[in-house]
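You will see chain A twice below: alongside chain B first, and alongside chain C after that.
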Partner chain A sequence: MTGVLVSVVAWLAVAIGLIVALNISNRIVVRRRELQERRLRPRAELSIAEYLAGSAAAPDIAGKGERAVMLKVAIEAIYDLRGSERARLVELLEQRGFVADAMSGLRARRRALRLRAAETLAVIGSAVAVPALTAGLNDRDAVVRTTCARTLAEVGGDDVTDSAVAAAERDMVAAPGAAAAVVLALGIGRPSALAPLLRRAAAPEVRLVAIAVAGVLRLSEHAPLLQACLADRDDLAAAAARGLGLIGEVRSVGALMALASDEDRGPLARAAAVTALGTIGDLSALPVLESQLRAPDWSLRAATTEALSRLGEPGAAALRAAGSSHSDPGVPAGAASQP
Partner chain B sequence: MIFYVWLVFGFFGAFVIVNTGVLLLAALQLRRYVTGASASGLRRMIRSPLTPPISVLVPAYNEAAGIADSVRSLLALDYPKLEVVVINDGSTDHTTDRLVDVFDLREVRRPTPPFLPHRPVRAIYEPRGLLRLLVIDKENGGKADSLNAGINFAAYPIFCTIDADSILEQDALAKTVLPFVEDPHKTVATGGMVRVANGCRIERGRVMEAHLPRSRVAMFQVVEYVRAFFGTRTGWTALNALLIVSGAFGLFRRDIVIAAGGYRTDVVGEDFELVVRLHRTCRDAGRPYRIVHVPDPVCWTEAPEGARFLRRQRRRWHRGCLETLLIHRRMLLNPRYRAVGLLAMPAMFVFDVLGPLIELSGYVVSLAAFLFGKISLVTFALFLTVSVLYGLFLTLSAITLEDATPNRHPAWSDLGRMLLYALGENLGYRQVMHVWRTEGFWQLIRKAEWGAMERKGLSGPEPAADHAAAGPESSPR
Partner chain C sequence: MKVLIAEDSSTVRRLVAARLTADGYDVIEAADGEAALALARQEHPDLLILDKVMPKLDGFEIVRALREDPATRAVPIVMLTDRTSEEDVLGGLHLGVEEYMPKPFSPHELSARVQRTLNRAGS
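Right after this comes the complex of A and B.
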């Protein structure tokens, strides 16, 4: 017994010693890196600023540490740059081999390195990287694949759109957030590419994201497809109704009124339709909205109150009238907040 | 007697196996987090129109002195779309008046949503301008009741709970919401790192300089928090068996919390109970889900510096822990609840709830066994040494894990102090905590009243009485 305990004490003492040593050595490494960055950063920032201002030639970069700091500074700067300045910085990164480094990083064995390379290429957004990014669509990691697809959607030509769409559809379950970012990039860069994702043939998870993207980006060209989604299951219909509201699609008012007053549908979809009607602000929806003030579901009544309050004086009058004729605490309170 | 000594040895062996396993999982999880996290990814998320809006719920009780600074700093967080909902829980000071004055609020009439029950609302205030702020003035009902009111009135699909006197780092909200962005359907709740603010320089609701506290009691809690957040919570996250998301800083999906029934007002550890109930509700419904601890975002909170308040806090936590485990006892060792029922809850029951009792009784029985000549002095001393060294090993490992994140304590002197207190924690502090936690058993029987913690205040030289907290602080279990 004593022998076992002595061994355990000895092992624990060794383990503790190793942990302390590991901690100290880690700190030394991190500290050295911080000092190096503190020393090199001002020069990197200055040379990039002078280069962007056009008053200097491309800065000379020597050594691994200097390259790492230069890349860090460039990536931070690139976010806030637009137009020719951005293009100039991207060109510099291409010339100095940073893009090539990241492209080769996409072939690394370690996931962390591939992920970092994909993220670097995504930030830089260089068209030179398109072949490597296309190859990255076959990566074994879903996040790496979708990061490549997002970048392709942003910087690639029409020929890579289908690949990006396919990547979004493939990874919507494995990496939903990253796949949603691909759909968003498609919506921003080439809105027409969203069309197949909005149709019934696409998986519901993908459609839900595509509908949300079409709505938040106010892609009016997809309004007919969004209107068609109103007939789908409740979560899709609700997202489509919200999107139509954001777009302000007056031609969908009839379909939204039908959804709002369809008692066979759930409150989620109906409340979204009511909210959309309020956002669009078409007074022809007034009778339908008034009728929803008597809906049994609280969320629907609350959404109706909010929608009516957006319809100006006619909506306010409807709320006042409802306030004087109902005992529902929700309606008078909404009416009372009206001017 | 010898049987009991062997029982204690067995308990210690199980403790070592489980905690070392959780520590290894924590290391793997942290590595995954550090390699996956990127500043550019965070910036992209903040700019994305798909990033979910958040309602920040701030329950407040007699917080007139610091509430304006807290709200101001929350409204200034780096997050694209958020609203702040302050729930004044029947304060007896001028909490609401202070907010009305500072933010130019006007009273509005709104229907009270019926989703969760809570004490009646007396008034609702909104700013005349464009600030996304809502103040709900309600009758006193406690922290859980206030949060239920806040959930009812929250406009957005995700809500964040934060104590009125806690301070969030600028990017804490953005980092904590990342799991919701990465997997919006599965993610139900996330929690971030909570750190001790005592000793930091704080101005107008922001931490300007992070320092370790001068108070010894607070220093011990710093070490405890590091071990709990890095060594324990991060590890359980890897198994999707995280049982605690701090009341001081956590994000939740509003619809799921409403479906689960919101916060219970009749328990002490309402934050712990809610998370366990979320596990139970999701598993019972067969819904794929995850509850995640993000080992990086920071919420600063004030730790008690006086022994009296620390003792009260620990008794409360222990009572809350036991209460929740009793409520959800059907989950214990139930394979239906996977790692939560088979590992996390039994581990919490054996090591956190019974642990203090077993360890303290182990000291007594071992001493008696030695005095009666059943075990030798060497064996007795060696066993004590092993228990202290293993505690030290766990704490130092957690400190090493913390060092892998950007939020580490940077100065060499900080590391030295942490190591010193890690040793001291296992040589007396832990044992005192065990005594106080054991008192929690007795409290559960007596159902003793809550006590307000005396706070020195984070926002400057304000009167201490005005900073009394209504609810429990976050547990670093």
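Right after this comes the complex of A and C.
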């Protein structure tokens, strides 16, 4: 019995010793890297800065450590640069093999390495990487796939747009943040590519993001598709109404009025329609808005008070008239704030 | 012409310094707000390029301190920052900042704005 106990304690001591040794060696490696970076960084920063200013030739980079620091500094610089200097820096990274390294990194076995490579290519934004990024759309990891798709949406040609759209659709549930970034990149770089994501054939999760992006980016070309979304389930209709309000789509006022006064719809969608009517500011919506001051739901009444307050004197008059007799404390308050 | 760059990112500081040096300016650098204020008082630069968010002293606090001091009241200031909300821009302009340059930026364009600001200030 004592022999077993001694053996267990001995093994535990060995295990703890190994963990401590591993921890110490990790710390030593991290510390060495920090010291190396501290030593090499000033030279890397200076050589990149002078190269971009045209006062020095392209920097010579020798050794793995120096390359790692140079890439780190270059990526920091790319975040803060735009215009011709940014383009020159991207060109330098292409010439010195950093883009090629990241492209091979996309084929690594470890997920962390592939993700780092995808993120590096995303920051650099080099068109040279398009074939590797296209292959990356078939990665077994959703975040790697969507990171590749976002970069393709930003730097790829029209021929890769469909693949980026498909990646956003496929991974919206598995990697919602990364897939939403693909939709945003498409909205900024290729607004017309959002159309299939706004239609009913697309999954509701991806439609919701596409509708929000179309609204926030005020993509008026998609107003008819947003208007069609008003007939969908409440969360989609609400997002579409908000988008139409942001775009200021006067041609959708009729559809928004119909949604606002549809008693079969939930308050979320109706309140969003009311808010959009106030934002658009078309006075033909006044009777519908006045009638919603008597809606049973408080959030709808509050949205209506806010919307009427945006319609200038006619809206203010409607609020004053309602405020003198209304039982909802919010309506008299809205009326009191009117001139 | 002497230009003081106050920016906590050493990468950005060197990008700006290299561009301005290549364009013939005499450049001095500060990595935090306190150092920037001290250098502005000692070195009397012809223009300051200031980041809004810096350690020890905020960019706006530096502007306020410089504008209150008769010796540095007239020095032109260019804000170089990623804080570009309406509130930030208006805050800077109200304090007397001459130019507001958002990040990401082009060092070439910044240099042109520095030149324009100096011309306007009659330096």
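To be clear about the criterion, the second predicted complex is superposed on the first by the 313 of 339 C-alpha atoms of A that agree within 3 Å, B and C clash if a C-alpha of one lies under 4 Å from a C-alpha of the other, contacts with A are read in each partner's own complex, and residues count from 1 in each chain.
Everything below uses one rule, namely that a contact is a pair of C-beta atoms (placed from the backbone, for glycine too) under 8 Å apart; a residue touches a chain by one contact, two chains touch by 3 or more.
All values reported here derive from a predicted model rather than from experimental measurement.
Undergrad: After the superposition on A, what does A:E85 contact: first (chain B), second (chain C), both or neither?
TA: After superposing on A, A:E85 lies in contact with chain C but is clear of chain B.
Undergrad: Can you tell me whether chain B or chain C touches more residues on chain A?
TA: Of chain B and chain C, B contacts more residues of chain A.
Undergrad: Quick one: classify A:R41 as touching chain B (first), chain C (second), both or neither.
TA: Second partner only, chain C.
Undergrad: May I ask you to decide whether A:A212 touches chain B, chain C, both, or neither, giving the answer as first, second, both or neither?
TA: It touches chain B, and chain C stays clear.
Undergrad: After lining up the shared chain so the two structures overlap, which partner does A:A49 touch, if you call chain B first and chain C second: first, second, both or neither?
TA: second
Undergrad: In the superposed arrangement, does A:G245 touch chain B (first), chain C (second), both or neither?
TA: neither
Undergrad: Once the two structures are fitted together, what part of chain A is touched by chain B and by chain C alike?
TA: In the superposed arrangement, which is not itself an observed complex, chain A uses residues 76, 79 for both chain B and chain C.
Undergrad: Can you name the residues of chain C that touch chain A in the complex?
TA: For this pair, the touching residues of chain C are 9-12, 14-15, 17-19, 21-22, 103-109.
Undergrad: Please name which positions on chain A make contact with chain C in the complex.
TA: Contact set of chain A toward chain C: 41-42, 45-46, 48-50, 52-55, 73, 76-77, 79-86.
Undergrad: In their shared complex, at which residues does chain B touch chain A?
TA: 35-36, 38-41, 43-44, 48-50, 108-114, 181-185, 376, 378-379, 382-383, 385-386, 389-390, 392-393, 396-397, 399-400, 403-404, 412, 415, 419
Undergrad: Residues of chain A touching chain B in their complex?
TA: 1-2, 5-6, 8-9, 12-13, 15-16, 19-20, 22-24, 26-27, 30, 75-76, 79, 111-112, 115-116, 119, 122-123, 143, 175-178, 180-181, 184, 205, 209, 212-213, 216-217, 298, 302, 305, 329-331, 333-334, 336-337
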